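Please read the structure below before turning to the comments.
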Amino acid sequence: MSQQPLSQKPFGRLLLTGAAGNLGRQLRASLASWAGVVRLTDIVDVGDAASGEETSIVDLADRSAVMKLVDGVDAIVHLGGISVDAPFDDLLEANIRGTYNLYEAARKHGVKRVVFASSNHAIGFHPVTEVLDKDASQRPDSLYGVTKCFGESLSRYYFDRFGMETVCLRIGSSFEEPKNPRMLVTYLSYRDFIELVRCSLFTNRVGHVVVYGASDNPIKWWDNTKAGFLGFRPRDSSAQFADRFPVTAPTAELPDPEQRFQGGPFVLGEPMQ
Amino acid sequence: MSQQPLSQKPFGRLLLTGAAGNLGRQLRASLASWAGVVRLTDIVDVGDAASGEETSIVDLADRSAVMKLVDGVDAIVHLGGISVDAPFDDLLEANIRGTYNLYEAARKHGVKRVVFASSNHAIGFHPVTEVLDKDASQRPDSLYGVTKCFGESLSRYYFDRFGMETVCLRIGSSFEEPKNPRMLVTYLSYRDFIELVRCSLFTNRVGHVVVYGASDNPIKWWDNTKAGFLGFRPRDSSAQFADRFPVTAPTAELPDPEQRFQGGPFVLGEPMQ
Amino acid sequence: MSQQPLSQKPFGRLLLTGAAGNLGRQLRASLASWAGVVRLTDIVDVGDAASGEETSIVDLADRSAVMKLVDGVDAIVHLGGISVDAPFDDLLEANIRGTYNLYEAARKHGVKRVVFASSNHAIGFHPVTEVLDKDASQRPDSLYGVTKCFGESLSRYYFDRFGMETVCLRIGSSFEEPKNPRMLVTYLSYRDFIELVRCSLFTNRVGHVVVYGASDNPIKWWDNTKAGFLGFRPRDSSAQFADRFPVTAPTAELPDPEQRFQGGPFVLGEPMQ
Amino acid sequence: MSQQPLSQKPFGRLLLTGAAGNLGRQLRASLASWAGVVRLTDIVDVGDAASGEETSIVDLADRSAVMKLVDGVDAIVHLGGISVDAPFDDLLEANIRGTYNLYEAARKHGVKRVVFASSNHAIGFHPVTEVLDKDASQRPDSLYGVTKCFGESLSRYYFDRFGMETVCLRIGSSFEEPKNPRMLVTYLSYRDFIELVRCSLFTNRVGHVVVYGASDNPIKWWDNTKAGFLGFRPRDSSAQFADRFPVTAPTAELPDPEQRFQGGPFVLGEPMQ
Amino acid sequence: MSQQPLSQKPFGRLLLTGAAGNLGRQLRASLASWAGVVRLTDIVDVGDAASGEETSIVDLADRSAVMKLVDGVDAIVHLGGISVDAPFDDLLEANIRGTYNLYEAARKHGVKRVVFASSNHAIGFHPVTEVLDKDASQRPDSLYGVTKCFGESLSRYYFDRFGMETVCLRIGSSFEEPKNPRMLVTYLSYRDFIELVRCSLFTNRVGHVVVYGASDNPIKWWDNTKAGFLGFRPRDSSAQFADRFPVTAPTAELPDPEQRFQGGPFVLGEPMQ
Amino acid sequence: MSQQPLSQKPFGRLLLTGAAGNLGRQLRASLASWAGVVRLTDIVDVGDAASGEETSIVDLADRSAVMKLVDGVDAIVHLGGISVDAPFDDLLEANIRGTYNLYEAARKHGVKRVVFASSNHAIGFHPVTEVLDKDASQRPDSLYGVTKCFGESLSRYYFDRFGMETVCLRIGSSFEEPKNPRMLVTYLSYRDFIELVRCSLFTNRVGHVVVYGASDNPIKWWDNTKAGFLGFRPRDSSAQFADRFPVTAPTAELPDPEQRFQGGPFVLGEPMQ
């Protein structure tokens, strides 16, 4: 990993973990406009480094590698780790040990801001007949969700103890398009996702805050009013995709809990062995 | 009452009570596009049955008639009963016994969803200087309002006990146009009313919920944020009618309570004999 | 019904409905010390009138009889009506029409205070793992509970509209002794019941308020802090009866909802025909 | 001060204090369209009186002068007093004694509505990472802010005791344009300020209410949902000015409290001697 | 005012304002056991100085006198000022200018803790049918109450800005015995008053907090649960005095607002001229 | 580990983890009276098995050993793991992997109730000037506290997903006697600790709940009202130990954060390497 010279952009150097993933790839171009150097990393190859980019392959569970990774960065967008349900031992390495390694390295290197990709699965066992705000209690819908709760708790500690600020993004479903009726509710367009990260990085003070990542969709399970100081206003909506999913009378065809809770199919998973 | 064959529309058969009333007539055409068969009923004649319609004259206080009325329907839009203040004995038959008959029949026939026309008069004794959400306490402004509270309580029971879902619509003033300054606040356009019923019927899960029925008027007494999972977004506003009611300085010309409470003139009524 | 002369006790004349019932009989002696004349009524014979007592047999559903019954009283303790689940038509006469008759008669006769025996069954579908205060939403566990909700709504109206004050007693289980493990939680000793009525009658202003009727039992589902202005402090406890019910490990032997909700066996009832 | 004849406009006569100040000058033209006579006053000369205007120079600390000033007015827009931090003795005369004089005169003359220019500095010690509504506790950031809290408390008393209604405007930063990054959040355009005063004057009933004065800016510290009965909807936004303040990474360059609290530089002031 | 040498008691020197008043006299002996030196002051003579006491006559409105008064003290119990309703100009000098002088002097001398005698009249316009906790909004019932709200706001500022801690005591009625039925609710025995001051002085951290001063009386308007970190537990009760006030049926004999609001007769006062 | 025959006590077999620790030793005798067989385990030797006891040495991080450990038990009291701050890798094995292993084994063996020793350090970064209830947000004061938050999140998941109930005990300081002034607040006598476990085991339904473990100490940071359905009433108090810690004026002698936050010295720790 060769280090790039810093430029005159707002950030000197930004670190993006999970850069090879779906959302990491979406964010890559925008980061280049915000930081002189963008350091991209993932557990797999992130592709060739463009000008102003630094790339590396790092396992977040490798403490000393993470320590080096964080050296010299001003802020971190932490999308890395496992983003689906998985055996606990895998989640523990990637999402628990990995997130700890990242925060502890950030503390030692004096990083002041982290944007942490939490997930709607941290609150997926709330009923679909409730609207949640940032103070809703954690109700994870899966072991994956439990590890996201861990990241939220850990980052709360690093803020209260060391003043390191974190925006926890409880991201809905950020894909090109909604793939099923549930995603008409949870859809976060790529453009809105990028805007959410931008607000999370540039707001002067954020403290430790939870914000939900959804576009301005017709149906709303989440209310970001209390996070209004971030200035996030989604511009897209799933409404344009509504006609892909034929309207039906209320039905219990899917397994019942899948329809009753915000986590959707996650609430039917079981710990993998 | 002859039964129609079912079609491929989202609902097989929808029942509309109060079909001869003001709002029932507005809704009739829309229902036809949502259900293969629309069963229309009222205590008075609802007019000729169009194709796909079934019509009947039923007194909701007649238990056995109601039992037959509900047979074979998938969901009910319950606008029936008395919608103004009236002697208690009349309200008791139409709104208390009638609503009980309807719910009990629905339970026996396995109906899973009711859209219940409650009223802003269930909360009309809240001051006009408060903004209410769905958790506001009941404060009926009339015996009529008390019977709407009964409907809300009864439907809560049928949901908690039998899982029958109800959306309680606390409808403001749904007319062609606002007729007085108060209706600039409580106005619900016909188009928005129909959309509210549509959301209430098609949202996959609603549990038991209260939602206020008002268009996107400039002055707001009611906040539907917590019912955001219904996806109701009014598109009309009373703003276009504002110039019909000349602006005045605050005045006590009307009897005072009529101006202090959301229920307007209802709060000055007395039990009829 | 012959009328007694008034004395110098705090109340001139108190009306007690449901005087022949379990709780009515407990209260009878105390009322005599608070009022010059105690008017006792029930749908069945209440026994011989002692000195200072007036007795009558009245069906609360009989409007003109109720109108006469209320004539000349200063305050009412309304225990009358049906206090168990029953067919809806019976509940409707006794608890809905009857309570309306009583309030409307009270209004016409200028009565200023009613102590209304509501019931824990007005909120019986709240889980046993919640602690409720007076602002808990109504969640009736039976049609009986629905009629108690009606009484609470009706009395709210009579207060907001006419200033007639009501204390709604959500009574737990007021018997000589707890009869089952649930009653260790809901037990209200007779002495504490009488004290609760006393506070409800003598507190100078009560507005419209809900208070839970339970002794100072070890397990608490209800919190009366917000009704502290009534001055009710239970002196008894079910602790002395605890050893009658052998301690067991948590079990699902009883039908499940009966253990999950505060209403106990009521939550398994069905509308009677 | 010669008195003008009243006209047929909604208000007969409106009093504007602080008429020579920045916001007073903005409001002057609008007031003329709402009232037959506009009485303009300040501690300095307010310029020539146009048709329908009455002008005077009055020190609000002068009780008898204020008593005369209020004679004959229907409502008051109270922008007068000191609107920056200042030595306590000066604030005491202008903002405490002056506001008392105004309210007491208004009471004696039967004025029913006051629009009071409170300030965001009444709540400036709330963190920038919170979103406040009208029920947020007072946390003044300066002695100036403390005197605004006094005005809010005093007006609450005059409402509870005498029914005189007040809308307390917690005004952000109302200038031609935002002058620094903080004002991108607190900006209230002149047009929106005038609309806010209009809503405060014309809403039929307002009781005693707090409303925040900010345009529809991207970043929101304040939530007016609970004051929705005023009908205030800002139409402007600071977004158009955002590019004047270069985007930067979060920084601690400014003194730390100035960035942590909503009051901005006010939170670093000290009592002036 | 001669200065005493400090001793080994917990506090070196405590300042008591209002030392000649009813509560000041009660507290005097206790203070001697907590501080090596007790500095006693009032606007009238406080009597001869005992050993370990310093006495002086100071008008709190005299800034330079107050500056000297505060020199060398560790903490202040501020009972001084006017404790009944009075003409505004008098209240302004004693309770507004005087309290400002005291806080500003305390800041300059580095005093870290003030126990401030606020009053139940800061919230006296809340209905007697509500139970208030420390977060209840200010609703003063008199100009006197408004000045107590000022003291609460001012002390909030001095805490947020300078870290000077204050416990605001919303004292009920602290007399030898309750003098009327209202005081059965608001009674604070002298012993409990002293204990409340003791907790307020000795608790390690108090921040800025409001606590209600009432004994463990049967009827409760105030709930100190949220101030439980102060460790205040009243040991007395007005119950022993209850029989002095004959029990009556609810009555409207007293002017109505006097019975409806917590402030009692204060709510009927008018600004004195 | 040899298996004992079950008896007629309420529980057939109870598992106690952390049996060799301070609290485990306190609990041992009581468990024997509640269960036919008590299975005691720790990572170190728990001493000789008495009659009715089964003992074993198990590392909770050893999944297959834990699976065997849980076989045949009715309920679990989980005191095991590390109960002080420690290097993250150690905490991760004992408190994260270990707790997961225990819950997953419990699920597979159909265990329905776990009493989980969480800690006040899960909320230790709340200020000492707040009183917390069970809904207070997690604010861990150490990595140890973060792992307790993990246990709370994980157990929430196992309840929402599989119906396995957990009582999370946020234990204060349970020792023979308070050892410093902070423990006067956080003290939980052994007797009260045992009673808290007893309530947690025997209450019929507990769902997933947080309860604070403190005796009835004079100063209260925690309010268990909302967990009143557990029936826990402490009988002891730290008051008897108060004179061991001399009363002092408020002081900043200890490092400041140690006095400002509920976690005490924990809030000054740093991640161990």
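When the chains are written out, they are named A, B, C, D, E and F in that same order, and each has its own residue count from 1.
Here, a contact is a pair of C-beta atoms (placed from the backbone, for glycine too) under 8 Å apart; a residue touches a chain by one contact, two chains touch by 3 or more.
Since we're looking at a predicted model, the values are computed, not measured.
> With a step meaning a move to a chain it touches, how many steps does the shortest path from chain D to chain F take?
The distance in steps between these two chains is 2.
> Since chain C and chain E are copies that touch, is their contact same (over half of the numbers shared) or different (under half)?
Different, since most residue numbers here occur in only one copy.
> When the Cα trace of chain C is superposed on that of chain D, what is the rotation angle, expressed as a multiple of 5 degrees?
180
> With centres defined as the mean C-alpha position, give me the chain A-chain F separation in Å.
It comes to 32 Å between the two C-alpha centres.
> Starting from the mean Cα coordinates of chain B and chain F, work out the distance between those two points in Å.
Comparing mean C-alpha positions, chain F is 51 Å from chain B.
> Which chain F residues touch at least two other chains?
In chain F, 225 touch at least two other chains.
> Think of each chain as a node with edges to the chains it touches; is that a line, ring, star, complete or other?
Contact map by chain: other.
> All pairs of touching chains, please: list them by chain label.
A-B, A-D, A-F, B-C, B-D, C-E, C-F, D-E, E-F
> Which bits of chain F are touching chain C when the two form their complex?
Contact set of chain F toward chain C: 10-12, 74-75, 112-113, 165, 201-207, 209, 225-231, 233.
> Show me the residue ranges of chain E that touch chain C in the complex, using the header's touch definition.
Touching chain C: residues 127-131, 181, 185, 218-221, 223, 225, 246-251, 259-260 of chain E.
> Provide the residue numbers of chain A that touch chain F in the complex, in ascending order.
88, 92, 96-97, 100, 104, 107, 125, 135, 137-143, 145-146, 149-150, 153-154, 156-157, 160-161, 267, 270-271
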